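Chains: A, B, C and D, in written order; residue numbering restarts at 1 for each.
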Amino acid sequence: MADMNRISAAQRFHAYANPARFMALSARLLAPLWGLSLLVVGAGLWFALFDSPPDYQQGETVRIMYVHVPAAWLAMFGYSVMAVASAAGLVFRHPLSDLCAKSAAPIGAAFTFLALLTGSLWGKPMWGTWWEWDARMTSVLILFFLYLGYIALWATIEEPARAARAAAVLALVGAINIPIIRYSVVWWNTLHQPASVFRMDGPTIAPAMLLPLALMGIGLTLLFVALLLVRMRAEVMRRRVRNLRLAQAASAGEA
Amino acid sequence: MTTSELSLSVRDLACERGGRLVFEGLSFSLGHSEALVLTGPNGAGKSSLLRQLAGLLDVTQGEIELSGGDPERTIGEQAHYVGHLDALKPSMSVVETIEFWRSFLGSIPQGAETALEALGLAHLADLPVAYLSAGQRRRLSLARLIAVPRPIWLLDEPTVALDAASVARLVALMKGHLGHGGMIVAATHLDLGLDGARQLRLGAGVAV
Amino acid sequence: MMRAFLALLARDLRLAVRLGGGGGMAVFFFLVVIALLPLGIGPDRELLARVAPGMLWVALLLAALLTLDRLFQADYEDGSLDLLSMGSLPLELVVVAKALGHWLTTGLPLVVVTPLLGVLLNLPGEAYAPLILAMLIGTPALSFLGAIGAALTVGVRRGGLLASLLVLPFYVPVLIFGTGAANAASGGFSGEAGQQSLILLAAVALSSLVLGPLGGAAALRANLR
Amino acid sequence: MAEFFHMGGYAFFVWSSYAAAFLVVAALVWQSVADYRRQVRLAEELEKAAGGRVRRPSRAESGEKP
C-alpha cells in the first residue's frame, strides 16, 4: 500500500509540476489576450465593413473574404499547432503538449467548418453554385474530416495516456498526408477540368483591402490562442478531476 | 412483499448445453426463508441451473414451479440474478446505475441511497462506474438486490472479488432477506455461514 | 411498465450522448462517403445531381448499418441484456425502446445533415423537401428492421458484418421507395409518382414497427437461452 | 445606411457569412469557458468530498486569485 502511494505521488508530481506553472502563466495571459483580440477584430470589422472599397469584379461580396480567408488560415494554423504539439508530445512525453494538441483540434475544426461555410456563401453569388468540387475546397473538406477523425479518436479511447499517443500518431500521419492528398486532389481536378471554376483570389489585393484582412487575421489568431489556453486549462482541470475520482475510489476501498 | 407461503419446486430437471448433458433428473424444493447452496466441480452445471431458474436458459426436460408468488409474473420477473457479468456501464455514475435498475426492474425511481448504503457505496454515488475497482463493481452489482425488492435471489459466485468485510456485509444482507421470508439459491465455493442453508452438490447427480 | 420503457430509452440516449460514439460516428461516416463519391465519379455537376438522391440514400443505409451491431451487443457483453429480459417490460418493448433510441441517436441526426450533403452533391432544389420527408419516414424502418439483424447476431463473433448482410435485403424496399420519392420530384414526373412512393414507404415503415420488435424479441430469446 | 445593409444586392450572402462567423466563434468561446468552469467546479466538489485526504493543490496551480 505504501508502495502504491509513492507511485501515485510520483505520477501526480509528473502530471502537475509543469501544469502548475502553465496554469499560473495562462491565468495572467488570458485577460490581455481576450482584450487584445477583441480590439483587433473590432478594428478589422470596422475596416472590413465600412472603410474598404468593394471589389471591381466581385462587388460587395468581397467583404466575405475578410472572414473566409482568416478562417481558412486558422484551419491550417490549427492543424500545424496540433501536429507540432503531437510531435512534441511523442518525443518529449510532456503532458502539456498532448493537452495542447487535443485542445487545438476542436478550434481548428470550427474554423475549418467556418471556412467551408463562408466559401459556400461566397461561391453562390460568384459561381452560381453553393459548392464546387475544385481542388481547394475539396482539400479543405478533407482537412475537416481529418480533424473530425482526430476528435473522434480522442473521444473513443478511455485512458488519456493511450489516447494521447494514438491521437498524436494520427495527427502526424495526417500532417504527412496533407500534401499528398492536396496533390492528388489537384491532379484529380485537372483531370476532370470542370467547366465552371473561377479562381477565388483576385490578381492582387489592393492595399485598402489588405489592412482589414491583416487585422482580421491577426485578431482571430489571437482569439485562437486565447481559446487554446482556455481549453488547455479545462483539460488540466479535467485530468485533476480524473485523478481525484481515482483517489476517491481508492480511498473508498479502505473505508 | 407477501412471500410467506412461497415455495419453489424443481422436478426431474435436465440441462443440455452444446449437445452435452450437463445434469439430469435433478429435483429439489425450497420453501420461504430457505437458502440453497450449490456446490460441485467446474462444469457441473451450477451456473446453468441458476440461469434456468432465472428463465435465461431453456428447460429441455423437467419443470420448475413457483407457488405462492405473483401468478401474473414469471419466475424471472420475481427473481434477482447476479451472474459473472456485472451489467454495469462505465460512463454511468453509481447512483444513476441503481436508479436505472430501480425504474426498469421495479418501477420505483427514488430511493437508491438505501441500497448504496447497504453495500457501503454511498460516498461513491456520483462517481462514474469506470473509476470503480473490481470489488466495488461487484458490490454495485449486488446493490440491485436491495434496490429492487424481489423474493428470490439467484447468486452465481457472489463473493468473487469481494474482501472479507464485504463478504460479511453480503452475508448479513442475505440473512436479512431470509428473515423477511425471501429465498436464496447461491453457487459458491465459500462457506457463507448461513445457518440452516441446504446444500445441493451437483456433478455426481446426487442431491445431498 | 411505461416507466421501465422510458427508463431504458433515457439510459440509451444518455449512454449515446456520453460515449459520443454511435450517432456521431455514423454522421461522420455518412459525410465521408458522400465526399468520396465525386472523387470517384468526377465533379460533373449534372451527373452528381442525377445520382444524388440514390447516393444519399445508399450512404445513409450504410451509415445506419455501421452502428447496428452495438444495438444489443454492448448489453449482451456486459450482461445487461439478461437483466433487461427479467423486468416486467416484455422483450418486444425492450426492442422498441432500443430501436427508438437508435433512431433518435443515429437515424435522426443522419436526416438532419442530409441537406448539407445535398449541397455537396448538387441535389436539385425541388428534391430537398421530398427527400427529407422520405428519410424521416424511412429511417425508423432502418432502425426497427436493423434491430432484427442485430438481435439475430447477438453474441456472434464478428456479428456486425453478418448483421449487415442479413439486414441489407430488408432495406431494399426502403431504398426503392425512398429514392423514388426524391427522383419523382427532381426528374419531372407527375406529382403522383412521388406521392405513391411516399405512401408505400410509409407502409413499409409502419409494418417494420410491428415486425422489428416481434422478430427482434424472438431472435433475442433464441440467442439468449 | 439602407445601402450599407443592402450590400449591393448581396446582403444575404455577406451578412450570413458574418452571422455564421459570429455564431461559430461565440459558440466556441461559450463552450470552452463553460467546460473550464464545469471542470473547476467538479474538482472543487471532489476536493471537498476528499476532506483533505488528497493533497490540496496550490493556488498557483489553478491560477485562481486568492
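Note that in this section a contact is a pair of C-beta atoms (placed from the backbone, for glycine too) under 8 Å apart; a residue touches a chain by one contact, two chains touch by 3 or more.
All figures in this text were calculated on a predicted structure; none of them were measured in a lab.
Colleague: Measuring between mean CA coordinates, which chain is farthest from chain A?
Modeller: So the farthest one, by centre of C-alpha atoms, is B.
Colleague: Report which interface contains more C-beta contacts, comparing A-D against B-C.
Modeller: Comparing A-D with B-C, the pair joined by more C-beta contacts is A-D.
Colleague: What is the distance in Å between the mean C-alpha positions of chain B and chain C?
Modeller: From the centre of chain B to the centre of chain C is 37 Å.
Colleague: Please work out the Cα centroid separation of chain A and chain D, and write it as a whole number of Å.
Modeller: It comes to 15 Å between the two C-alpha centres.
Colleague: Calculate how many whole Å lie between the centre of chain A and the centre of chain C, each centre taken as the average of the chain's C-alpha atoms.
Modeller: Measuring from centre to centre gives 32 Å for this pair.
Colleague: Counting only residues that touch at least two other chains, what does the list for chain D look like?
Modeller: In chain D, the residues touching two or more other chains are 49.
Colleague: List, in ascending order, every residue of chain C touching at least 2 other chains.
Modeller: Expected reply: 19.
Colleague: Specify, in ascending order, the residues of chain A that touch 2 or more different other chains.
Modeller: Counting only residues that touch two or more other chains, chain A contributes 245, 248.
Colleague: Quick one: in the complex, what on chain C touches chain B?
Modeller: 1, 3-4, 6-8, 11, 14-15, 18-19, 77-80, 82-89, 224-225
Colleague: Which residues of chain B touch chain C once you look at their complex with the stated criterion?
Modeller: Within the complex, chain B touches chain C at residues 54-58, 73, 76-77, 79, 81, 83-89, 91-92, 96, 100-101, 103-105, 107, 109, 144.
Colleague: Going by the contact rule set out above, which residues of chain A touch chain B in the complex?
Modeller: 158, 245-246, 248-250, 252-253, 255
Colleague: If you look only at chain C, which of its residues touch chain A in the complex?
Modeller: Interface residues on chain C, with respect to chain A: 19-21, 24-25, 28, 31-32, 35, 38-39, 42-45, 119-120, 122.
Colleague: Give every residue of chain D touching chain A within the complex, in rising order.
Modeller: Against chain A, chain D makes touches at 4, 7-10, 13-14, 16-18, 20-21, 24-25, 27-29, 32-33, 35-36, 39-40, 42-43, 46-47, 49-50, 53-55, 57-58, 60-65.
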